[in-house]
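In the two complexes below, chain A is the common chain; its partner is chain B in one and chain C in the other.
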Partner chain A sequence: MSVDFILFYAFAVMAIGSALLLVSIRNTARALFLLFIVLFAMAGLYLFALADFVAITQILVYVGGVLILLIFAFMLSNKSLLSDIHTVSHRLTALPNLPSFLLASVFLAILLFALSSWNNNMPEWMAAAEADGSLIQPTENNIRMLGFKFMTQYVLPFEIISIFLMMALIGAAHISRKGERP
Partner chain B sequence: MISITHFLIVSAIIFCIGVYAILAKRNAIMILVGIELMINASILNFVAFARYDSVNYGGQVFALFAIVLAAAAVAVGLAIILNVYRHYKTIDPKNINELKD
Partner chain C sequence: MTDLIVHIIVPVAIFSFIAAFTLFAVYAERKIAGFVQDRLGPMETGKYGLVQTIADILKLLQKEFITPAAADKVLFAMAPVVIFVAVFIGFSVIPWAPDFIPADTHTGLFFIMAVVSIDAIGILMAGWGSNNKYSLLGAIRAIAQMVSYEIPVGLSLIAAVMITQTLNLNDIAYLQGIQSPEPIYFMGFWEVSHIGGIFAWHIFQAPHLLIVYVIFFIASLAECNRAPFDIPEAESELIGGFHTEYGGIKFAFLFLAEYAMMFLVAILGVVIFLGGWNSPLPNVGGLLLADWTTGLGWGLFWTILKSFTVVGVQMWIRWTLPRFRADQLMTLCWKVLIPAAFVCMAISGLWRIMIIL
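Up next is the complex of A and B:
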């Protein structure tokens, strides 16, 4: 077992374990800080798929932006903490949560069954890429290729998504404004 | 080189944890966190398949698009949650059951 397998399993166990702890903990603030660990571990997993720019963007956007927004919203609406403490069920599989636990685990079983039956015959484009050895190599200059692709082949989705992001941020600022609401 | 099956198993487990968070939590912020977990699982799938595509780089490009979409969704969703909290004084989705004032 080589060192990259050990690191991959360490990141995977960190992500899955803290995600499980995130859904089973009662305190929302602790759950949000556990989300930090999940997002960092997922960024580490992206590195093992040779997507370094996606991993850095994940850390910048999620940890720098999304998580700060979530913590702000939690602190502005934390009166509901009191009602959260007084609930009776503490365990993961307590009776009110049993249907959702069953549904999630059955869905996981379906996904794993589909995965096990898929693995025998790969799609032909993946088999062709594996046959002629045109996989992305660790020595390749990934960010340079992504820049070329964004400005040539995918320039229309790039522009659409930038305008969409601007619309969403202006809309969010408009919705959360305080005064003169009808 | 880690095979693609490992990535797919990890992403399936994270996705189902997100499904559980959406179904079981009684706090709108935790439901948004569940949606974030599901989006992260799908981004891991995109990135894992992108290694086989060294011509188009479609997987990594659309993983970046998915990150931007998730950020926009969280911004609008949190604005709506804050407005709902200002109006109802709660963010439990069970208690929010009427549209008009």
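Up next is the complex of A and C:
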């Protein structure tokens, strides 16, 4: 068992364990900080898929941006609003729990289907890539390739995302304006 | 197995360097404060007060662990660790000398930007976990400031990276001296690939990069919550901000993180804009000063000398300028630094297309 394997399983256990703890914990503040551990461990798992750019973006966007926003929203919301969350019924079949119950069971079905159709072999395209030696090595410069792809093959989605973000920015600026202006 | 030992020795060495640097920097800070305010600074402990900071740290280390009764114990204990580790990981991709770098990755700069943003989570943890109004207000002010100032830092770094075309900090430093794999031009017209020295640094490779460095320097001061941007700590209004409740070794770690952050942004600016390990002395005719002062030992010497100079300037500014008001802080960030950084980014793109290619 090499160091890589130990690290991989450590990240996996960290991600799953803290995710389970996150959904069962009563303290909302601690749950938000547990989400940080989950996202961080996920970034660690991306590194094992040689997706270092995705891993770092995950930390930059989710931890540095989204999570801080969540914690801010939590800190600025009032106490009676938060206590509503805790009064939800804990029976599995209660009506407010139905959508999440459905979602979870569908996801479980997908996982079971994937497990049953997995035959312990590499997919053909992966085996073919390994045969003709067109695999990405850990030492390669993925960022240059990503830049080229963004500006050529995926330029339309890339630009649409930037317009979408621009709309969000303008919307935020509009909402935060004080009252009516002449 | 030797790999594993190297992986252990390098962080320990960097940690000892940061600890030693903090001891030295606290003493230097107090002496500089004394000089600026026309007094002597620490003079009692040892000759010229030299062992004052060692006495301070010994006092901190033997203090009792105090946790407020109403605090969230887990978050309170975790916060200093998260804050320090976030800054400490940043050092893993910093080059100290030619090819003398703990992790030579292609994503170096991007990695630093990401891990430094974890710092903010740690501060929120400390502010919330302390269960104290001043701590919470301090933490919220700190986050508002850090999240805003991450934008000019990021934009100024992008403006520099558009010229270098790489995120690998080792390669970026190589592009600013006599060992550069590509030809270098001083201000875009005078080839200095074999002259090197101060003329080959990034701030002199294009005229706007000097402005970019100033933007980076100001914004990075705000990132590490130093005066004149120390609104999160603001002793006179908020007692001590997010670390009001901390004492003993936990406070020592917060303090260590602050000084490590100062050094990290200083060395990052040095590597990207001020030539990294490259010598400031140019080759003048037959006098090959740049060739003689390049190498492993010289590289370490120049990196550390330049970083200490930048840290010295940070301290000088801290004791010279008064603190900004919160609205002035945001005005400076959103109405001055960010538009200026955007203009510089556009100039960088044009410069790359028109002048270099």
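As a working rule, the second predicted complex is superposed on the first by the 131 of 182 C-alpha atoms of A that agree within 3 Å, B and C clash if a C-alpha of one lies under 4 Å from a C-alpha of the other, contacts with A are read in each partner's own complex, and residues count from 1 in each chain.
The rule is simple: contacts are C-beta pairs under 8 Å (C-beta built on N, C-alpha and C of every residue); 3 or more make two chains touch, one makes a residue touch a chain.
Keep in mind that this is a model prediction, so the values were computed, not measured.
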{"item": "Chain B versus chain C as contact partner of A:125, first or second or both or neither", "value": "first"}
{"item": "Partner with the higher number of touched chain A residues, chain C or chain B", "value": "B"}
{"item": "Which of chain B and chain C A:53 touches, first, second, both or neither", "value": "both"}
{"item": "Contacts of A:6 with chain B and chain C, given as first, second, both or neither", "value": "neither"}
{"item": "Chain B versus chain C as contact partner of A:176, first or second or both or neither", "value": "first"}
{"item": "Which superposed partner A:35 touches (first chain B, second chain C, both, neither)", "value": "first"}
{"item": "Contacts of A:101 with chain B and chain C, given as first, second, both or neither", "value": "first"}
{"item": "Touching partner for A:151 - first (chain B), second (chain C), both, neither", "value": "neither"}
{"item": "Chain A positions touched by chain B in one structure and by chain C in the second", "value": "53, 57, 65, 72, 142"}
{"item": "Complex contact set, residues of chain B against chain A", "value": "2, 5-10, 12-21, 23-27, 29-30, 32-34, 36-37, 40, 43-44, 47-57, 59-61, 63-65, 67-76, 78-83, 85, 89-92"}
{"item": "Chain C-facing residues of chain A, complex", "value": "3, 27, 29-30, 33, 36, 40, 52-53, 56-57, 59-60, 63-65, 67-68, 71-72, 75, 141-143"}
{"item": "In the complex with chain A, residue positions of chain C that touch it", "value": "4, 72, 74-75, 78, 105-107, 110-111, 113-115, 117-118, 120-121, 124-125, 128, 136, 140, 143, 147, 150, 167"}
{"item": "Sites on chain A touched by chain B in the complex", "value": "4-5, 8, 12, 15-16, 19-20, 22-23, 28, 31-32, 35, 38-39, 42, 45-46, 48-51, 53-54, 57-58, 61-62, 65-66, 69-70, 72-74, 76-77, 79-80, 83-84, 87, 97, 99-101, 103-105, 107-108, 111-112, 115, 119, 125-126, 129-130, 134-136, 140, 142, 145-146, 149-150, 153-154, 157, 161, 164-165, 168-169, 171-173, 175-176"}
